[in-house]
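Shared between the two complexes below is subunit A, which pairs with subunit B and subunit C, respectively.
So, the complex of A and B:
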């Protein structure tokens, strides 16, 4: 299982980075490979490689704004949630992503 | 660059008497203003409250992080207040004991400052760290806790 995720919030100061940490921790606890890109006040950081996107099983957008360069993820199943959801309960967000590709 | 560039002991207040969220934010913003960190208290407060309307900054476990990227800010900084169970509509429903007010200029913020704020945000996902924050007794405790974090002193 491999997940790629983008986090972004309106101010880009705090929630973006908290959500990224939450998702990484939750994935790690389940031994799931995850790559998280933050789109915040410092611009894009930890940009996901196209090769990682191409080999990912599912994409998570934990965002309250538009995802920059969204077309990179075009062919993938995408779960979109509010950034707050990934801060509050990242484990549940991972669950939802896994549900999405089960169907 | 480390967190000492964003906070000093004068920007930490151990006894916030206010009991309403808006008053707590105002009290901490006034502290920033008194320490010459703002161009306009009014403009900054307006932007923080506007941000607050979007969704809650009560991130749970007794912590809130109201913030504003605003023309009213002179230089990036944070103020911290310890208060008495303030209702904040938090993500976990619990009242708030520690408020971290973040101020960043609308444009031209230094990347190093933003980096430290991002690392602080990451640390706030750590339960041991937030527990220690909530348990801190005075400004010195809080200052030592923040400046003692490896992640914030890169």
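So, the complex of A and C:
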């Protein structure tokens, strides 16, 4: 199982990075490989490699704004949630993502 | 697509615009503030000299607010092809005086129109013509002309109406508006509701109405400062993680980052969020009641030397910080028994 995720909030100061940390922790706890890209006030950081996107099983967008360069994720199953959801309960967001690809 | 999904999408487009706009406002607004610091308020009339230069640079920044929000809302909807027409028609909106509202409407119109044009199916040989000629030209032409001759008038009237209404607002209503904006700032600590209040205030700031901007800027640091004080006053009620968070909340509060309050709110939202909303509303409302005006775009603490009444500003800040701290500790004492074990911490 492999997940790639993008997090972004409006000001790009705190929520963006807290959501990224939350998702990484939750994925690690389940031994799921995850790559998280943050699109905060500093622009794109930890940019996900296209090869990682191509081999990922599911994409998570935890965002209050739109994802920059979202054409990279075309044809992938994408779960979009508000950034606050990933901050509050990242585990549940991962659950939702897994459910999305089960169908 | 359900109605809620549509609404979420719309909100994402608007917030994308706002997220690109914020650095423009901050850079432009602070340049003007620095100019006033160096040259005094006389700098508004000054045409020459260093302070006037800094002011002019800042005004270029503030003048970009409307085009930037238009361009990046369009970008959010239609991706790259939205940017050029968004900027061009956004400049028209700015010069027509449609204000912030005009920028948002232009962004939405350009975005959805370009998105529509992108759906045109054509033979591969003609596609480049569509992408490089038809889309930018047609969307700029159609939205530009529509703005100038049809919807511009009503938007200008609406902007003038809001401006006049706020300008002529009676003291009591001004206090209520300030308090509501303060509470909104605290509600999600830097999230979309906070940014809605901020956007509203910045839009009016661009029209030289300082009341809402004063209200939101004083509110920025009340949650982190109030919670830091609360943790200091009643350290037994807070986990070790929260005590650590209190230190960083103090620093974040001083520099003006509401997000410093988030760890506390996550651990105990039901008690913390009402307390910080009331505390922030007290500061914002009180500063309006005391007639404090903050002409610079600086948050709570750093704004102090620049407001018209620094002493009363400090009184309003302290009132909000103390209110927050006392309320949150009172709330915590009410449900303390069952709460001790369920503290949850996010890194």
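One rule holds in what follows: the second predicted complex is superposed on the first by the 103 of 103 C-alpha atoms of A that agree within 3 Å, B and C clash if a C-alpha of one lies under 4 Å from a C-alpha of the other, contacts with A are read in each partner's own complex, and residues count from 1 in each chain.
What we mean here is this: a residue touches a chain if its C-beta (ideal position, glycine included) is under 8 Å from a C-beta of that chain, and two chains touch if they have at least 3 such contacts.
Since this is a predicted model, take the numbers as computed values, not measurements.
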{"item": "Which superposed partner A:66 touches (first subunit B, second subunit C, both, neither)", "value": "second"}
{"item": "Which of subunit B and subunit C A:18 touches, first, second, both or neither", "value": "both"}
{"item": "Touched partner set for A:44, first subunit B, second subunit C, both or neither", "value": "neither"}
{"item": "Which superposed partner A:84 touches (first subunit B, second subunit C, both, neither)", "value": "both"}
{"item": "Touching both subunit C and subunit B, counted on subunit A across the two superposed complexes", "value": "10-15, 18, 21-22, 25, 41, 64, 82, 84, 87-88"}
{"item": "For the subunit A and subunit C complex, residues of the former touching the latter", "value": "8-15, 18, 21-22, 25, 41, 63-66, 70-71, 82-84, 87-88"}
{"item": "In the complex with subunit A, residue positions of subunit B that touch it", "value": "51, 54-57, 59-60, 65, 67-69, 91-92, 102, 104, 109, 111, 114-115, 117-122, 124-125"}
{"item": "Partner subunit A, residues of subunit C touching it in the complex", "value": "8, 11-13, 15-16, 18-19, 22-23, 76, 79, 188, 190-192, 195, 257, 259, 262, 266, 346-347"}
{"item": "Touching residues on subunit A, where the partner in the complex is subunit B", "value": "10-18, 20-22, 25, 38, 40-42, 64, 82, 84, 87-88"}
